[in-house]
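Note that subunit A is present in both complexes that follow, paired respectively with subunit B and with subunit C.
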Partner chain A sequence: MSGALVVLRWELVKLGTQLRVRVVVLACLLGPPALALGLGLRLSGPPVDTVYGRYVLDSGPALSLLVLGFAGMWVLPLLAGVVAGDLFASEDAAGTWKTVLTRDRSRDDLFVGKVLAAVTAVVALLALLALSSLAAGLLLAGTRPLVGLSGQLIAPGRAVVLTLLSWLLVLPPLLGFTAVAVALSVLTRSSVAGVAGPVLLGLLLQVLSLVGGLGLVRHALLTTPFSAWHGLLTSRVALGSFLQGAVLCALHLAVLLPLARRALLRRDVAAA
Partner chain B sequence: MQRAAGALALVALLCAGCGSSVTRPRVEQALATTFTNLYVQQQEQAGRTEVSVPGLGTTASCARRSGGEGPGGDWACRLQFTAYDTPTSWVYELEVHPDGCFRADGPPDAGPEAFVDEITGARTPNALFQFDGCFDPSLGARP
Partner chain C sequence: MTATYALEARGLRKAYGDRPALRDVDLQVREGSVHALLGPNGAGKTTLLRALFGLVHLDAGELRLFGRGLDDGDRLAGVSGFVETPAFYPYLTGRSNLRLLSAYDDVPGAPGIEQVLREVGLVTRADERVGGYSLGMRQRLGLAAALLRRPRLLVLDEPDNGLDPAGSRELRALVRGAADRGLTVLLCSHDMAEVDGLCDEVTVLSRGAVAWTGSMSGMRAQAPDPTSRLVTSDDRAALGLATPRVRVQVHPAGGLCVEATTADLDRYVLALAAAGIAVRSLALEVAPLEQAYFALTGSAR
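For the complex of A and B:
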């Protein structure tokens, strides 16, 4: 296990030096304040087409929830792709599998360490986006009561707590998309597929659930749990969508990660 | 792997018409609750505290123009409530999304005006003219 932790540390260092990752970190940090500035200067009206868009100037947490609703569409799959899609394929691109595997780390250590690095980085980016958007929203609109999704008024302190919890609830599908990126990165050996794959999958599933008469099949799509946080903000708190989504995401992890691990363990590196 | 994908596609195809999370009772109940909460808040902002959520007795009856249930932009709902001893009936147009959230639009002429004057004289957007709401779309959720 300590071998995996060494890999984890090195992979995090490597991620931190990548331009792509740095750009995403900056976007998570500065995107929400830029949005708040634009709304504050009335460069555009409140975006009423997205849930909580109409309340961004009335209550601080609304901006954070607007960003959360928007992020679930394609930003969060993009975070997963940027962080995890390149982790394995970059060793193929650079031809470094032989080098890393001749060290005293087993392939299992390498796989576990890289996956842990992806999870750590993705969670950190999510936390960054959550805190940045909440801070920007509070600066923009202050701490007035928030209108809930049943029209009820939520006291400011409770609204901040519920907003942070809402961000926590998107963790399962975010980890699901991270597993998709890991699997693509190992199986296709292509960084492009690993990075862009999760985004395209996310967009495809969004379009499917919007236009298709999918009915209850919608509950089986990996993008559906991204909206489970709505249940926290109705007057009767409903966690059914979150729990069902968590099971769905656990299934994705249970299928995709062993698939990727087996492919990596069986790969003939010497011949490559 | 391919067999599993095939089975999944088959189930999806068979089940495509077998129900939706967007049902009429869920839409009606969520709309009535949301409207009532917003109405009472608006009256309180205007200094009129004699209305209450249970006192309004709001009911909603909804239907899709195309018939049936499910997500779509063609839901129309009649809201009936009693405020200040006057029975009132307003019609809202709803766009209901697959994720269980909806946007309700009041009628521009007969329904709530776009702006209301508060006690302060300030003009603010009428929260009842257009608003959002959500219901629980999970499997097995009430009602």
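For the complex of A and C:
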């Protein structure tokens, strides 16, 4: 097995034993069913002022899309932060760089393995949240047709497929935020900065996107592609904003990951 | 450079900002020897070990391990050990930490995890999380992690830090046994007494530079006479019996300070008795090697 894959395997083992990651897994798994239960028991009314909030009791996939819209605001940046923001900085905090760097794996192996572990974990958490919310929605409202964003009716089977594709479309910005978390974790050597940084950045960009007159700047914000899935649910499918977002996220990955890698390769491991 | 040295360093230089940590350090560690790297805190020992493992980047100099240069991909093959207190993942058990480190190695025929745990006496605590380990247990786990690599050169940074006297004795036996099997050991310490009797060679670092290097026997030969503290029934009269070979002065804490070889000290004590001066106490104050070490490093006792 190549060096980076060995590191990937053990980083996933380490992530799996950490309490905060287990809490996030449980939240992704149980959060949507808890929301569905609350709505089913009429503990609170549907959030009618949010995208698909008014349809959650009418069609199964609506709950999943409601969760997706909400997650794009700060949950997904938080997922990226919790998983990737601590991967490098925790080695500084525990003083374990000197332990792993005195073995045969190179710094490059460690960097690539850790980044792969971060990507694997955020993709798995995204999939878990998508499947959990879709299953909860289907249990809550069944498989009735979904109302599209242009007012058109979408057949149940197609609605499920489009819902899963919608979750897939937020993968690029999620990977972009993962790159932000990795870079913060390596450059600041602080778990707090690595975990909280992506969340704060996400919130800041959300606020910026609400400022009027920004025009083109809005397309350059890493949070904008989180709503690219809207284009799937209109009567004429529009993937332009998704493609723009994919390019933007690729740029983030292309700049931030080499920057973090270079910092890790060149740094002195001099602290205890 | 020849390959008869496990470690050979030439002209190593490293500075952290404006503060030099290593200043043209040369070091040669013969294969099969137990070599002490001595120096007070801040002398550059740990920086040298970090450079050896590639943890810090040198500003200048050449460092070779078993003839391999710093840039060789497998330069750490046959080398293991730890720098400062060994650190592990606190949320994993001792055994899981060793499994992880073993997976990060490419060592054919490496000893099993059970075997190294047995060697360091950690078998019964191996399934506990490292977060609950004492400092001494982490030292033992560090040693186990080092032995996993089946090293030819074992680098230990103050390994008996945190060990109780029994643990310290076991560690010395383990190091001596490893050396007897042909392993080269580089033992880093700030305490001469810790390495005396264990090491064949010694390099003393002071303020980032080599102050002395050679065999332990060579250092012993160059060491000054031992200093003893003597309390007599009449210190003033005893002071008057001093000779050029027995240097006597008043001890600041009371009694006399006597610097002489053992034979000259015997003669001096007999002369005191002959003069009717009773010896109430005579105790070794500074061992010769320690005295040499203090003189080389300029450090106070």
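To be clear about the criterion, the second predicted complex is superposed on the first by the 265 of 272 C-alpha atoms of A that agree within 3 Å, B and C clash if a C-alpha of one lies under 4 Å from a C-alpha of the other, contacts with A are read in each partner's own complex, and residues count from 1 in each chain.
Definition applied: a residue touches a chain if its C-beta (ideal position, glycine included) is under 8 Å from a C-beta of that chain, and two chains touch if they have at least 3 such contacts.
Note that the structure is a prediction, hence the values are computed from the model and not measured.
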Superpose on subunit A as described above, then tell me if subunit B and subunit C fit or clash. fit
Using the touch criterion from the header, give the chain among subunit B and subunit C with more contacted residues in subunit A. B
Have a look at where A:Thr96 lands relative to subunit B and subunit C in the superposition and call it first, second, both or neither. second
Applying the touch criterion given at the start, work out whether A:Val269 contacts subunit B, subunit C, both or neither, answering first, second, both or neither. second
Does subunit B (first) or subunit C (second) touch A:Leu187, or do both, or does neither? neither
So, A:Leu214: does it touch subunit B (first), subunit C (second), both, or neither? first
Angle at subunit A between subunit B and subunit C: what is it in degrees to the nearest 10, using CA centres? 160
What is the contact status of A:Leu203 with respect to subunit B (first) and subunit C (second): first, second, both, or neither? neither
Is A:Leu37 contacted by the first partner subunit B, the second partner subunit C, both or neither? neither
Gap in Å between nearest CA atoms once subunit C and subunit B share a frame through chain A: 23
For subunit C, which residues are in contact with subunit A within the complex? 16, 47, 50, 53-57, 73-74, 76-77, 80-92, 96, 100-101, 103-107, 145, 149
Could you please specify the touching residues of subunit A with respect to subunit C in the complex? 6-7, 9-10, 13-14, 17-18, 94-106, 266, 268-270, 272
Subunit B-touching residues of subunit A, taken from the complex the two chains share: 48-49, 51-52, 54, 147-153, 209-210, 212-220, 224, 227, 230-231, 233-236, 238, 240-241, 243-244
If you look only at subunit B, which of its residues touch subunit A in the complex? 11-12, 15-21, 30, 33-38, 41, 70, 97-101, 103, 127, 130-141
